[in-house]
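What follows is chain A paired twice: with chain B in the first complex and chain C in the second.
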Partner chain A sequence: MMRPKRLGFTILHRAAILAYIAFALFPLFWLLKVSITPNDLLYGEGVRMWPSRSTFDHYVFVLEHSDFPLFFRNSLIVSLSTAFIVTALASIAGYALSRFAFRGKFWIVGLMLLTQMFPLVMLIAPIFKILSPLGLTNSLTGLIIVYVAFNVPFATFLMQSFFDGIPKDLEEAAMIDGATRFKAFRQIILPLTLPGIAATLGFVFTAAWSELLFALMLISGVDASTFPVGLLSFVSKFSVDFGQMMAAGVLALIPACLFFFFIQRYLVQGLTAGAVKG
Partner chain B sequence: MASIDIAAIRKAYGSTHVLHGVDLTIKDGEFVVLVGPSGCGKSTLLRMIAGLEDISSGEIRIGGRRVNDLDPKDRDIAMVFQSYALYPHMTVAENMSYSLRLRKTAKDKIATAIAGAGAKLGLGALMERRPKALSGGQRQRVAMGRAIVRAPKAFLFDEPLSNLDARLREQMRGEIKKLHQDLGATSIYVTHDQIEAMTLADRIVAMNAGIVQQVGSPLDLYDRPANLFVAGFMGSPAMNMFAGTYRNSGGAPRVELADGIAVPVGEGIAATDGARVTLGIRPEHVVVTRGGGPGIQAFIDLVEPTGFGTILHASAFGSDVKAFSLERGLATRGDTVSVAFPVDRIHLFDHEHGARIG
Partner chain C sequence: MTEAARAPIGRDRRPFMRRFAIAAEPYLYSAPALILIAAVMLVPLVIGISYAFRNVILLDPFSGGFVGLEHFREMAKDKAFWLALRNTVSWTGWSVLLQFVFGLILALLLDQPFKGRGLAQALCFLPWAVPSFLSGLNWAWMFNPVIGPIPHWLYGLGILPAPDNILADPKLAMWGPIVANVWWGIPFFAITLLAALQAIPRDLYEAAAIDGATPFQRFRSITLPFLAPTIAITVMLRTVWIANFADLIVVMTNGGPADRTQIIASYIFTQAFRRLDFGYASAIAMVLLALLLVYSLLIVLLRQTLLKEA
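Right, the complex of A and B next:
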């Protein structure tokens, strides 16, 4: 039997967690609620936790009568490409930073940190100026390049910390067993870094998926718009179509959820347990 | 199998010098143990032989072939790490076969090699397990198995038993020795544990501060340590050491210790009258007699029974004299005893440089 004092603490502890979860998830709930509320009830019913009548009209409209499927496809292309390119680059760079001592390492790390210090708004004009003559404005490729550039430094640090957590002995053992350094990296170290790779993929994917500033500034046509920009199209001069906007928002959550669903088993896995003394 | 020649090997990290010119020849099939305190450069030397550290200067040859610029994979050596370094995402069988698979060995040959190594090490039932499902001793065996399936030119061991508890360490020590007797493979073994060094080695290389202090058979190092470092490092409980002055005028050769006590020493000591020396004697060679027998009067401060024998700490001429005796109940705390240092058991070292002088 638990002593009453400990029981009290446990209840308090659980209640605190519950309160936090409710607080964190409430905006999502509200998103869902508004997305199924018919327009006539949106303002008519006051603040209610659930509308008296629900409808999927907003979803139907968004899917069939708006450019949303196109935005969606664009976002998917940009986010997936960014996530995979960044993770590949960050893995290689992170491994180098974790394992090798080389000339200029200090300055490279310093420069990478420096890139993280500027507010992005400052950089929009110069970036536009660079991309424009290259024909990379109003293009998904341009957007991918920009996202990759901005995400690589942080992702590299993230990957480096995962590589730091894997004992050097493992690749040394592999090299003595007859592997080249690259083979040891690919066959021994990478499989053990899967949780790190999953975390990096997830982090970069979400960052690219929800990025608005550059998407808005670099893209002007509908053809290359991503969905955050598309969401803004529900805001017109005189009104905001909240129902459709929220429905689009809910739809936009699906890929992110799916993505995390697929990588979550790597995120939580402690694969290195038992590698060295335990 | 192959011999290993190490010539004038130096290692420096920037301005920090770790190895100051090591020369060593390891014969084919020999078991050599590198022993020394941590930071003495023994692991660095091993890693240079393995190819995991660059060689600052000097030359290493394995089987007559210069390997300075060869990658670890081309040196055909196997290594057992202190951490075992088992691949966590592979089963025992996959761990052991990794090197053979990299060499594209035929499947049936791999199977035979693994089965052979598994049987030798008692791993048969564990082949499909992952390292994390194994105990420390089992992981240690897998690490050994991974090394022996390849039949490499030489085995390198980097403190392989340090992570095991005392009983298992003793058992694995025996297994390593037996394995070496079976395979007759050239082996280099690094440890800071002088018992491991004594029990395993054909030859011991005692190192300190990046310099080889003495090379010889275990009993050589124990019976005739070349200097104070080796004398103090080998043996447990450690050798007694007393500062004194060597005298050979006006009587037989002797060493004067504190309180006017003179200990007779043998002939042929490489020292002049009045030289400052350090007198060493192993605890098991100190003769303790109850009551006022011949010798130096001493008082027992501390008695440590080990079961096997008894360690006595006695104070005499202002020093702590350790004695080891197989006899139980020789003395208890507070007793007055006499201690004697037999002439043929005394080691004399130069006080300043620590070199053996007799």
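Right, the complex of A and C next:
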């Protein structure tokens, strides 16, 4: 009796998943397709699913005749530094929020929630005026400082939830054996949170990689431009050259997607760890 | 408080310095994050609020004087501001609603065990890894009839009278950024809701199934109550982020055509960057901040009531 109903459910379930995957991937597929379409076919074969001829000319142009390799390097420096610094700060702060009951905790949590509500545009002018006399405008260091501060609150909440998932008895046992709390944290709790740390690194890396408004405001020269700024100026300069724009777009996508694929299995592990606990 | 009351069991015989170090520990752990937040967010926020009452125009050395509530009076008469406020409500409302509904469906689909779930999950969550400015550009290209397929599909389905760019149509333009935002934001909801789903004890479902509950009954009386606190907090954070999120609109339509896609956040951006009028921009930002605070407070209260009932 149950069999046909179950089968029907399974088919519907797989079809829904496939439909969503198609929806999620199609825009990226289209980006790739236009980036390898030769210019003379671009308009004639506008809505074809795959061009009759393909070329890598757009990529060669972008890599050899533009500043993209430089933007790429700048973005990589900024995003990696931000991700590692934020994760370190958020780990210890998240641990404090997860394990201690202390005076002022309510206000610290409230303050961090509040920072999630700022219209960030409101901060651009004051930050510009603070960083400028310190020589931190038009510098990657200034950008990293700003990105770290913006990403710390959310990362702290994220790390706190990962610490909450680890039983307290573990470090309490170690502390009874004479270890200090920091030693117990470093040697017992941190290794158990590795999936959470990887997930946090990924969250922050992608956030820093895609930030546009502050990079536009704080950076004025080509030397310190990040990828979003570079791509946007490229779009306004060569606004009809769709092939080259999309080739640059695909290049901007690669590190974010690579990083995502690298961390997403830790993300899955983190999620399933929660399930086992329940 | 006396010493005896503080010590957990009997008198604490540990040396004073050690006890002090233990009491200071949580503050030491959270200090680096807090100092940075204070220096880079709170101090500029206070300065930014002061700008709202001053005449601050970048590159104008004679600006900076106190103008009181002048900016707010100007705002009350500013038609573009009121239009942007209405647009913000529809932009945020539709984006959050669609992201949430599809995110929940996706989370429920991925919560079922099946072969290849890891890969399916990675592919479903991929849009979230796409930088937001790039997803804006990508969708703008998809809506462009010269190189994108969407206008031709909509024309083929009879939804559009001609294969035109909906981003140039004042009545439809807002749907462009909304679609891009929904595509980009579904994974965030799906990830958090999936984590919450997997934390629900499985034996509850088994018990309910033995008692003969239908799948819908199980969803309503087990899944939803367990998810409710997570839903409240995610919807709140997401609403606030989306209301502040100008990137997609700036990249896709720049507020046009005829200000029909201008939201408050992109209007602030326009005031600050085109006219360099940081005073007026800060005043608008303050109004937005106040509205979002009121909204968040309501959601937090709602969450508290839900938690008490559970």
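Observations on the model:
In the analysis below, the second predicted complex is superposed on the first by the 259 of 278 C-alpha atoms of A that agree within 3 Å, B and C clash if a C-alpha of one lies under 4 Å from a C-alpha of the other, contacts with A are read in each partner's own complex, and residues count from 1 in each chain.
Simple rule for what comes next: contacts are C-beta pairs under 8 Å (C-beta built on N, C-alpha and C of every residue); 3 or more make two chains touch, one makes a residue touch a chain.
Owing to the predicted nature of the structure, the values given are computational and were not obtained by experimental measurement.
Looking at the shared chain after the overlay, A:M112 reaches chain C, while chain B stays out of its contact range.
When the shared chain is aligned, no partner comes close enough to touch A:G8: not chain B, not chain C.
Shared-chain residue A:P167: touches chain B; no touch with chain C. Once chain A of one complex is fitted onto chain A of the other, the partner contacts of A:I176 are limited to chain B, with no touch recorded for chain C. In the superposition on chain A, contact of A:G44 is made with neither chain B nor chain C.
Within the superposed three-chain arrangement, the count of touched residues of chain A is higher for C, of the candidates chain B and chain C.
In the superposed model, A:I188 makes contact with chain B only, not with chain C. Common to the chain B and chain C contact sets on chain A are residues 271-272, 274-275, 277-278. Against chain A, the residues of chain C that register as touching in their complex are 22, 25-27, 29-30, 32-34, 36-37, 39-45, 47-48, 51, 56, 58, 102, 105-106, 109-110, 112, 114, 118, 120-135, 137-139, 141-142, 145-149, 152, 183, 186, 191, 194-195, 198-202, 237, 240-241, 244, 246-247, 250-251, 264-265, 268-269, 272-273, 278, 281-282, 285-286, 288-289, 292-293, 296.
By the touch criterion given at the top, residues 50-52, 71-73, 75, 77-79, 81-89, 98-99, 102-103, 130-134, 136, 139, 146, 150, 163 of chain B touch chain A in their complex. Listing the residues of chain A that touch chain B in their complex gives 167, 169-170, 172-180, 183, 188, 191-192, 271-278.
The touching residues of chain A, counted against chain C in their complex, run 13-14, 16-17, 20-21, 23-25, 27-28, 30-31, 34, 42-43, 46-47, 89-90, 92-93, 95-97, 99-100, 102, 104-105, 108, 111-127, 129-130, 145-146, 148-150, 152-153, 156, 181-182, 206, 209-210, 212-213, 217, 227-228, 231-232, 235, 242, 245-246, 249, 252-253, 256-257, 259-261, 264-265, 267-268, 270-272, 274-275, 277-278.
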